[in-house]
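Per-chain residue numbering starts at 1, and chain names A, B, C, D, E and F are given in the order in which the chains are listed.
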Amino acid sequence: MSPQPPEKNSSHLPALPKSPTGIPGLDEITEGGLPKGRPTLVCGGAGCGKTLLSIEFIVRGALQFGEPGVFMAFEEKADELTQNVASLGYNLEQMQQEKRIKLDHVHIARSEIEETGEYNLDGLFIRLGYAIDTIGAKRVVLDTIENLFSGLDNQGILRAELRRLFDWLKEKKVTTIITGERGDGTLTRHGLEEYVSDCVILLEHRVSNQISTRLMRIVKYRGSVHGTNEYPFLIDKEGISVLPVTSLT
Amino acid sequence: MSPQPPEKNSSHLPALPKSPTGIPGLDEITEGGLPKGRPTLVCGGAGCGKTLLSIEFIVRGALQFGEPGVFMAFEEKADELTQNVASLGYNLEQMQQEKRIKLDHVHIARSEIEETGEYNLDGLFIRLGYAIDTIGAKRVVLDTIENLFSGLDNQGILRAELRRLFDWLKEKKVTTIITGERGDGTLTRHGLEEYVSDCVILLEHRVSNQISTRLMRIVKYRGSVHGTNEYPFLIDKEGISVLPVTSLT
Amino acid sequence: MSPQPPEKNSSHLPALPKSPTGIPGLDEITEGGLPKGRPTLVCGGAGCGKTLLSIEFIVRGALQFGEPGVFMAFEEKADELTQNVASLGYNLEQMQQEKRIKLDHVHIARSEIEETGEYNLDGLFIRLGYAIDTIGAKRVVLDTIENLFSGLDNQGILRAELRRLFDWLKEKKVTTIITGERGDGTLTRHGLEEYVSDCVILLEHRVSNQISTRLMRIVKYRGSVHGTNEYPFLIDKEGISVLPVTSLT
Amino acid sequence: MSPQPPEKNSSHLPALPKSPTGIPGLDEITEGGLPKGRPTLVCGGAGCGKTLLSIEFIVRGALQFGEPGVFMAFEEKADELTQNVASLGYNLEQMQQEKRIKLDHVHIARSEIEETGEYNLDGLFIRLGYAIDTIGAKRVVLDTIENLFSGLDNQGILRAELRRLFDWLKEKKVTTIITGERGDGTLTRHGLEEYVSDCVILLEHRVSNQISTRLMRIVKYRGSVHGTNEYPFLIDKEGISVLPVTSLT
Amino acid sequence: MSPQPPEKNSSHLPALPKSPTGIPGLDEITEGGLPKGRPTLVCGGAGCGKTLLSIEFIVRGALQFGEPGVFMAFEEKADELTQNVASLGYNLEQMQQEKRIKLDHVHIARSEIEETGEYNLDGLFIRLGYAIDTIGAKRVVLDTIENLFSGLDNQGILRAELRRLFDWLKEKKVTTIITGERGDGTLTRHGLEEYVSDCVILLEHRVSNQISTRLMRIVKYRGSVHGTNEYPFLIDKEGISVLPVTSLT
Amino acid sequence: MSPQPPEKNSSHLPALPKSPTGIPGLDEITEGGLPKGRPTLVCGGAGCGKTLLSIEFIVRGALQFGEPGVFMAFEEKADELTQNVASLGYNLEQMQQEKRIKLDHVHIARSEIEETGEYNLDGLFIRLGYAIDTIGAKRVVLDTIENLFSGLDNQGILRAELRRLFDWLKEKKVTTIITGERGDGTLTRHGLEEYVSDCVILLEHRVSNQISTRLMRIVKYRGSVHGTNEYPFLIDKEGISVLPVTSLT
């Protein structure tokens, strides 16, 4: 059989839906935002801006796009988070009262891990499900994933559990950011999350000649064209702003 | 005995048969495509294009070369895959209905691994065999191999199991792409698959001076001359296209 | 719904309160000092200046800002500390007598670790709480954190214990410096403390072409703008002085 | 006693006998070929040319030098090997029928390793001995050694077993090539084989600035002068040819 | 409360007492010698000069400063040490007879370690205490620390034992040099000793462009200003001499 | 007490006795040869020249300096060694018959290691002692040390055993070369031998820009001045010759 050009018949297929972040520059390099209804991994070292980017995603989602959001924090408490972004002009407390967002601080006690050797994912689902339903959330943040899976060594089991989490989030039809800590030579500590996620954004705080630069890169975006270079970004009193300084490829 | 020039008598020997991919540029640097009826390993980091290249191999196989294909996915579900390539002009759903391709999403539950410590290869053979037979597939993709062998530590046993999988695929006479995740300092996580495979293609997404480039290299091709350099490739709204910019060696 | 600019309503929100260190230059690059009532991690290799910076924080807190402070040392004894900073013009003994500061040397015997496999955090709380209450301390130093957690391997448990320590300190409403030893390729030995801390300061003693330079970097500061570059600093007969030579970003 | 110049009395001593490979350039840089009756290790990464060099050694040995040879393959089956070198003008099938060479594919099943934890070397000796005797082989290839020793962790035992294999081959008076896979920072996976072998040839496929080069180096040759640099080589439709571009040292 | 300049009141505080080494240049960069009555760690690779520096510290202490010293060697025997420094003009045997120094070779037998898993520190204290008292030693060398702690893996316990050793030495009021072997990426094998020691001197033998240079660096000196750069030093027929070629910081 | 210049009184002390190797250049950079009656470690990767240097030490010792020598080989058999140096003009067989040297090949069987987990050092002493006494050997080579200690993991025990071996050799008053295989980032596999040895010579075969160079460095020489740089050396039909191209330091 002689080769034929592939018949293109996608005219009636919907393009991949996206959730805009509202963060200046980021929606440009992602060509419209994060994959709607899917989990995005935001990873990087300590202080690279994971939490800030996640909060802006939730706050701007609520304020600019009318989408309520749940921020599930394992690191910072609600009042700490509130205080940390006050200078950016965000009043998280007021937004909570208006039921536009919900901050949920999960405290994991030592005993919880010692009993079963790992954090109980089912408990998380109940708690997160309740938070989502309460405000009709369309956006979710889990900050950070390390708190959920620190006890799992077996790569196969970890992969299965990551899928379980991601599948649950997809069924809930929420657009999710999951933050992850940088590994040694890998994007994440386990080096697995980046393979299972639909979208991966890497934040870096690079120092060269004693001058630091913040850089963002879309490592992976299933189903979409996007800017593939490293884009400098700023964190200042206006929050995060990305400079999409190079043209899209 | 005095040395003699080797008597060449291969005139009647058939050249190594190949399966064209239809991907612009790739069939040029492989001098005709992937080794027919043999497994090819496509490896690289998260977001390098493993899944996309594999899908094009199946879709183009069906549309351009009339070869039905099975895509066995451990990562993405059928509807997700469909959505991810819709913008490329491929309608996977329609192609499934026309029995030109078959998408099979395998969900591996935690319990499956916990029971035996590893994924059941025999179960895979039954399921994959059934899928192949249903549409008379000539091409197969397994995306990704990490899902099959994450529980195996012993190098000898892993090698034996890899051979078992590869032998089964060869007996089925299907041309196969198996995708693999990048290891630390090795082509794959286990650092073994590249030695057992007949053909190895490495995809990379390299960032230098904040500019990213996608590069493809044929690391190994048993039985065939091929381009040996790194070739830049693009992923855009037309899918993958390789630039065979240097001459063959 | 059409996107709207985020409504800024933070005018009535308090800015993040800070504790000035009094160390020349450091309060400039931190825009006012360390986060008040929160723990700051000061990390670096042997001899980088962790202990000295911590002592100045306590001494200057007491002398310049009228805030009594507790220095809990696992490394050096009270008289050794006193002798080590005598040449800087600090008389720790006298300051102790005036109840402006309190030096507490904790001796951890081998048996203590052998019995339970780890240092008893509850014992620390009682002892530290007593020291804080005695002088009404507003500042605390723990030098170094390695002494507390050397027995803990499990990342999940270590994270839980770090949080327990940090939560206790926050409840006590003391501004704390915790020193940490440099890890291999990570900021700290466990590579965890920097993720849990609210503020992370890295000290380095870098040698290039046989000339050494001391450099300080604010790796992370939750809730605040700060200088992000590497700033040279000196340790001389006046103690530590930082040169905020580049402008704030 | 006053030092005297060493009395040279080797005139009647035989030089180290060698087996020519017939591969263009290789016999030049080895000054005559591989050490006759001794094992040579050919090592390198996937696709560097180990198998091809080994086959040429056997084929050219049979055709050019009248020495029958046994190729014991753990990777490729006889018909695959045949197909892989068909384009080079070698008809392995015909050569087998003429009893000039013997291809022996050893299939190692998982159960074999699981039972004893390692591959049975005595079984190999019987099988290989039979193959050697059948055609009066003077040359042998074992491709690759990793299949034999993957279960052995103890360095002392591995060394003892390597010696047992090498001694057996020497007693059989066959000139042998054993191929080995590249280790991380070492020439071989175990980092031992290169110390026990009499001759070690390293093959590399190096990529720089996106251009690849194949390089060969004689790492070690007990008892003989040889070229010590890295020599570029080609694999094309004529097989392997080495360019002895630098003069011997 | 408004900030006040810190009230300096150290006029009556004694500066940190030091023990001069008498080694040309070293007392300059340390501004007077090693910390009196405290332990100093001298670390570096094989052949960097640890033992030689330690012997000069003892010999010059006895001859130039009238301070008797004990050299406790785990590596070299008394007569070997004597022979090794004979060419430097030191007659250790005679100095022993004059009770100015004492060489004590400790032989650790395999059985000693096998019984308890570690070397008996209490036994060391008795033996060393006796040696110190015999000659009224003011200086002590332990060459090398690796012999004492090779069996200890647990970081917490090792730290506790190091402190026990250092506290014992401080109580004995002897100025001590402890030598330590270089670790991989750390100053010492355990990467702990440098954090516990009051003073750390690193010796290096660096080779660049086939030319070697010996370099010395004061990594850390609690309580004192010192030269912080790398200083070249020589070992020749006069022993060690340091070139304090850069000015103090 | 005011400092006095150290009273030099070594005039009557004997300089460190040395055993010349007779190898051109080597006795120059060692200022007379290896330390007489002490063990020297010669280490390096596969093919760097350890065995050749050791044989020349024995052969030249016997022929040039009238000192009989024992070569205890774990790698090569007597006839192989003989053949390997035949082209250098050395007739080892004849020298054996003249009782000027003794070649002793020790075969370590797997069972020997499996029984006790390690090689029996006492057995070695008996065998080596017998060989030494037979010909009144003054020089000994052990090629290579890895064969003796591969089973020992515990650093403390390994150190104790190394000392036991070295002490035995010193009591026998033989000048010894022990060869050792290169470790990863360390001079030897265990990274211990170089600390215990009195003299350490490192051989390297470095490749740069595809050109190889052989380099020798005296890493350490207790008790003696020596050349400290890297010196190029050749292995050709005359054996080893070192080019002492830089002046002594």
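Here is the rule we use: contacts are C-beta pairs under 8 Å (C-beta built on N, C-alpha and C of every residue); 3 or more make two chains touch, one makes a residue touch a chain.
Note that the structure is predicted; figures quoted are calculated from it, not measured.
Enquirer: Chains touching chain B and chain D alike, please list them.
Expert: Intersection of chain B and chain D contact lists gives nothing.
Enquirer: What is the chain whose Cα centre is as far as it gets from that of chain A?
Expert: Relative to chain A, the chain with the farthest C-alpha centre is F.
Enquirer: Using Cα averages as centroids, what's the distance between chain A and chain E in whole Å?
Expert: 52
Enquirer: What is the distance in Å between the mean C-alpha positions of chain B and chain E?
Expert: The separation of the two C-alpha centroids amounts to 60 Å.
Enquirer: Residues touching two or more other chains, restricted to chain F: which are they?
Expert: As it turns out, chain F has no residue touching two or more other chains.
Enquirer: Chain contact graph: line, ring, star, complete or other?
Expert: ring
Enquirer: Circling the ring from chain E via chain F, which chains come up in turn?
Expert: Following the ring from chain E in the direction of chain F gives E, F, D, B, A, C.
Enquirer: Please give the residue numbers of chain D that touch chain F in the complex, ascending.
Expert: Counting only chain D, the residues touching chain F are 1, 3-10, 13-16, 154-157, 159-161, 163-164, 185-187, 191, 194-198, 200, 215, 217, 219-225, 228-232, 246, 249.
Enquirer: Show which residues of chain F lie in contact with chain D when the two form their complex.
Expert: It is residues 20, 22, 45-47, 51, 59-60, 63-66, 75-76, 80, 82-91, 94, 107-110, 112-114, 118-119, 144, 146-147, 150-151, 181, 184, 205, 207, 210-212, 214, 234-237 of chain F that touch chain D.
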